[in-house]
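Here's a structure for you.
Should a chain be cited, it is by its letter among A, B and C, assigned in written order, with residues numbered from 1 in that chain.
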Amino acid sequence: MIIMKRLLKNFFYGFLTIGLVLSFGHFAQAASKSVIKLGCAISFTGGESRTGKLYRDSYDMAVEQINKNGGVKVGNQTYQLKIVYYDDESDPTKSSKFVEKLIAEDKVNFLLGPYSSGITIPDSLVAQRYKVPMIEGGGASGKIFSRGNKYIFGTLPPAGQYFKSTLEMLKTFNPVPKTIAILYSDDKFDISVAEGTEKLAKEMGFDVALYEKYAERATDFSSILTKIKALNTDVVLVAGHTEESLNFTQQAKELNVNPKLISMTVGPSEADFRKSLGKDAEYIFGVASWSTQMNFKGYLFKDTQEFVKEFKAKYNYDPDYHNASGIADVAVFKDAIERAGSLNKEKVRAAIASTKLDTIYGTVEFSENGQIKGTSVALQILGGEIYQVYPNGAKKPVYPFPSWKTRK
Amino acid sequence: MLLQILVNGILMGGLYALMAIGMSLIWGVMNIINIAHGSFIMLGAFTTYWLFAILGMDPFVSLAFSIALLFALGYGVQRYLINYVIRASAFITLILAFGIEIFINNAALVSWTADIRKVQVAYGAANFSLGNYVTIPTIRVVAFLLVIVISIAFFYILNRTNLGRSIRATSQDLDAARLVGVDVAKTYAITFGLGVGAAGAAGTLWSILFPISPIMGGELTLKSFVVVIIGGLGSMLGPIIGGLALGITEAFGTNWFGSTYGNLISFTILVLVLIIRPKGILGGAD
Amino acid sequence: MEKKKLQYALIGGFILLIVVLFPLVSNNFIIRFGTDILMFAIMASAWNIIGGYTGYASFGNVVFFGIGGYITAILMEKAGMHFAVAYLAAGFGAALFAVLIGLPVLRLHGHYFAIATLGVAEAMKALVQNLEITEGNSGIYLPMLDLSIKGQYYFFFYMMLGTLILTLLLTYLVLNAKLGYSLIAIREDEDAANSVGINTTLSKTIAFALSGFFTGLAGSIYAYQQAFLKPGPAFSVQTTVKMIVMAVFGGMGKLFGPLIGAFSIEIISETLSNYFLVAHTLFFGTVVILAIVFTPKGLIDMITQRKFGISYFLENIREHRI
């Protein structure tokens, strides 16, 4: 019996300790009343942590800007915004768990999205379950919006139209390029980009000579590049991620593959890409829903140029469309809450759905399914900087590429 | 085009071989599967990156530093960490290596952030042509030659020196080796150091060819596994054979089936090789 | 002897009662957290059957988790079947896969077996990424459970709990049957086991299939709970490693070892991530390293032997160092 008593005592202490640990969250909740809490489970560590940081920087900056300029006005009361973060370790299971924690324990009012479509989907399902509106700037896959989930809103434009401006630009060149190679990573977003682009290209009379998928996070592109070289296509369009774009470009030079134009969805617009490749990044085209050359009247900031300047001063790198999209997410929340005149989740949800807001990211308006209406522009790296070249370019596009061997 | 694919495969295979050579040594001699291998490659790559970014040191000069630094690190890790559990079951060392991997990756993540970095040398993408059909990236050829040099160096150390005799004796019979006066703990530490040093060399070359980040290690560990298994343990030729086999099959496989099939091909080969020839293509000694 | 058994039964019943009642007094997140702990407890216990008792270090057990999840997803989403059907199909499907893959792979020993199973899991991930029916790398939705919020949490918690109890109960029964002795004989010396007439192939395959069965069940519940699956996370090596770390941390080859391991590891990592937004994984790595160096026999060894403190740690080090 003594043994049993001791065991029971041990168990008792064990449970006490665990109970204390678990209830810590409850004690931490006692916060002041005039704060609107936005919850965000996003990648601080793991595979998506680099892009996760782009969104965090923007979210933080937008919130700081709002709080500095009087906060959010609901009726007669003003609220400060506060973001509660958790690290999802780039793992969708963890991410959805933390979203549940944000809602159940931290009692956040609204949710900001994580980065990447694969993580956004499980998170959006939790938002739907609890009927808490979530605005995300990091998932453009149509799959997120395909299930009639009324609580998720996205500020990246639909993937299928991504290369539309680029294809239109090709038509303005003399001679007009004929053959196109479309390469895409096998994640949902890039598949949608490729499918949309192939359809558009065929409608516009281009010959899609190569249409090939590669594995997400691939490092070696020599096999694809060898095919491109053999087919000698005029134009190469790549829908992938920064690392892949970097590898592709470097290896194109290694293997001396010289198409007349290379354009990539993710990469060229980021400062990292240009810093990493140096001169080899020159002349590469990109597409983006946004560029630093645009100038929109802002909501939180005076205009796009003002934002770019302040952002650079604060974080010491050039913002790209990820950052701008993140700013828009927070701006939409402020606007929608103020229009709703309440913190009621249903009312705010309805207000978000009817958003029509000028931001530094452009005019934000959501389609029926919750995804932003928008288009994209063609960019090109010229002299180490990224310029919008079509439509209404700040500079004229350079076409065709000088071959690798002839460059200085 | 077929010739170009073959060349691509062979050169990639050389890099795979260099990645795997250290893992093969540690596994063969000490029966430790070093899950943290990829993380050590990452550290080697970052050593080169920082020496380049801060001092402007050429990667081929910093190669010596990253080997030396990683050797010291490996020696220390074995001597003051793994050594404490070396006689526990094989799982234990496996999990310890896993803990080390998490530690290294996240220490790197915390101190250097997850930014992608690149060693930007002028000759990074240099190449030359053979005839009209084949373009050969110079750095990959150099990497390939380096693998051969390092393999020969390892072969020499293992077969022609007293140290090598101690290592081999320890790997065959730990107690007997101790009886004849081998300092087993030290021998193990040196072996581990050599293996990790080779990972450092692989990291340096990797950093010239590919962008690097603190989270790059996991994939590389998996690739190294495949190479070690295909080549088989117990000989210095193993990793080279394994690396080439993997490089060439991947190059042709992805060309025929499409690029998303790369991993499917490598891991199917891995399983098949294990089932049919568990000791690897060469079928080296146990 | 009788009295001792009674005591254990009492304590066990007491703990079970607490666990069963616990969701009724907790908020949703804590129930979800508990559900995750139970899920890992199932997987670590299932791993224990093949890794702990039989001595075959499977490094690819996540393959059963992924298969269970994907069977559930396909049956529910594409064939419109009920979860109950999908749940059973997931378990048996994973078990069948374990038999098919086990026949060739279980002939390998030691590290070779470990790597072969790892290869199977990685190859399966790559296959699922390329298949049409699994919707490739972009992931697949599942229908959502149509219950109130609280109801959903209860449902998944008690499904996991039931599955865990089933796992432990069946493992207990198997261990005390002839098969259990065969497995331990195989772990201690397979050749000797063979020579005394134990059908080692059959025993190993059954153990592997059981391991797959329970892991598949866990995968099935997980998929339904998440309502979305993607190949990368579903077949992640990290999940296998987590099972093994939990089993070793708690105590391999002991019935309750993995359970204790899952419980403590999840609590530790959750606590760390509450306090350190970025560095928590770094500290987690440190905890794993220290735990392995100081308590390689697992927490359960500490608990049952009631040995704590420096001298126990040093004893372990002396025992295993050179």
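Please note the rule applied: a contact is a pair of C-beta atoms (placed from the backbone, for glycine too) under 8 Å apart; a residue touches a chain by one contact, two chains touch by 3 or more.
If you're wondering where the values come from, they're calculated on a predicted model, not measured in any experiment.
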Pair joined by more contacting C-beta pairs (A-C or B-C): B-C
Most distant chain from subunit B by Cα centroid: A
Inter-centroid spacing, subunit C versus subunit A (mean Cα positions, whole Å): 35
Whole-Å gap separating subunit B and subunit C, where each centre is the average of the chain's CA atoms: 31
Multi-partner residues of subunit C (at least 2 other chains): 126, 129-130, 137, 278, 281
Residue numbers of subunit B (touch at least two other chains): 106, 109, 260, 262-263
Numbers and ranges of subunit A residues touching at least 2 other chains: 45, 186, 215
Residue ranges of subunit A touching subunit C (in the complex, touch as defined): 3-4, 7-8, 11, 15, 18, 21-22, 24-25, 44-45, 85-87, 89, 91-93, 96-97, 100-101, 103-105, 117-118, 121-122, 125, 128-130, 141, 143, 147, 186-188, 191, 215-216
Of subunit C, residues touching subunit A in the complex: 7, 10-11, 14-15, 18, 27-30, 32-33, 36, 126, 129-130, 136-139, 141, 144, 149, 152, 222, 226-228, 230, 232-233, 236, 238, 267, 270-271, 273-274, 277-278, 280-281
Subunit A - residues contacting subunit B, complex: 45-47, 49-50, 53, 186, 212-215, 217-224, 226-227, 229-230, 242-243, 246-247, 250-251, 253-256, 272, 275-278, 280, 404
Complex interface listing, subunit C residues touching subunit B: 51, 57, 104-105, 107-108, 110-112, 114-116, 118-120, 122-123, 125-127, 129-130, 137, 237, 241, 244-245, 248, 252, 278-279, 281-282, 284-289, 292-293, 296, 317, 319-322
Residue numbers on subunit B that touch subunit C, as the complex places them: 27, 31, 33, 81, 83-92, 94-96, 98-107, 109-110, 174, 184-185, 188, 218, 222, 225-226, 229, 260-264, 267-268, 270-271, 274-275, 278
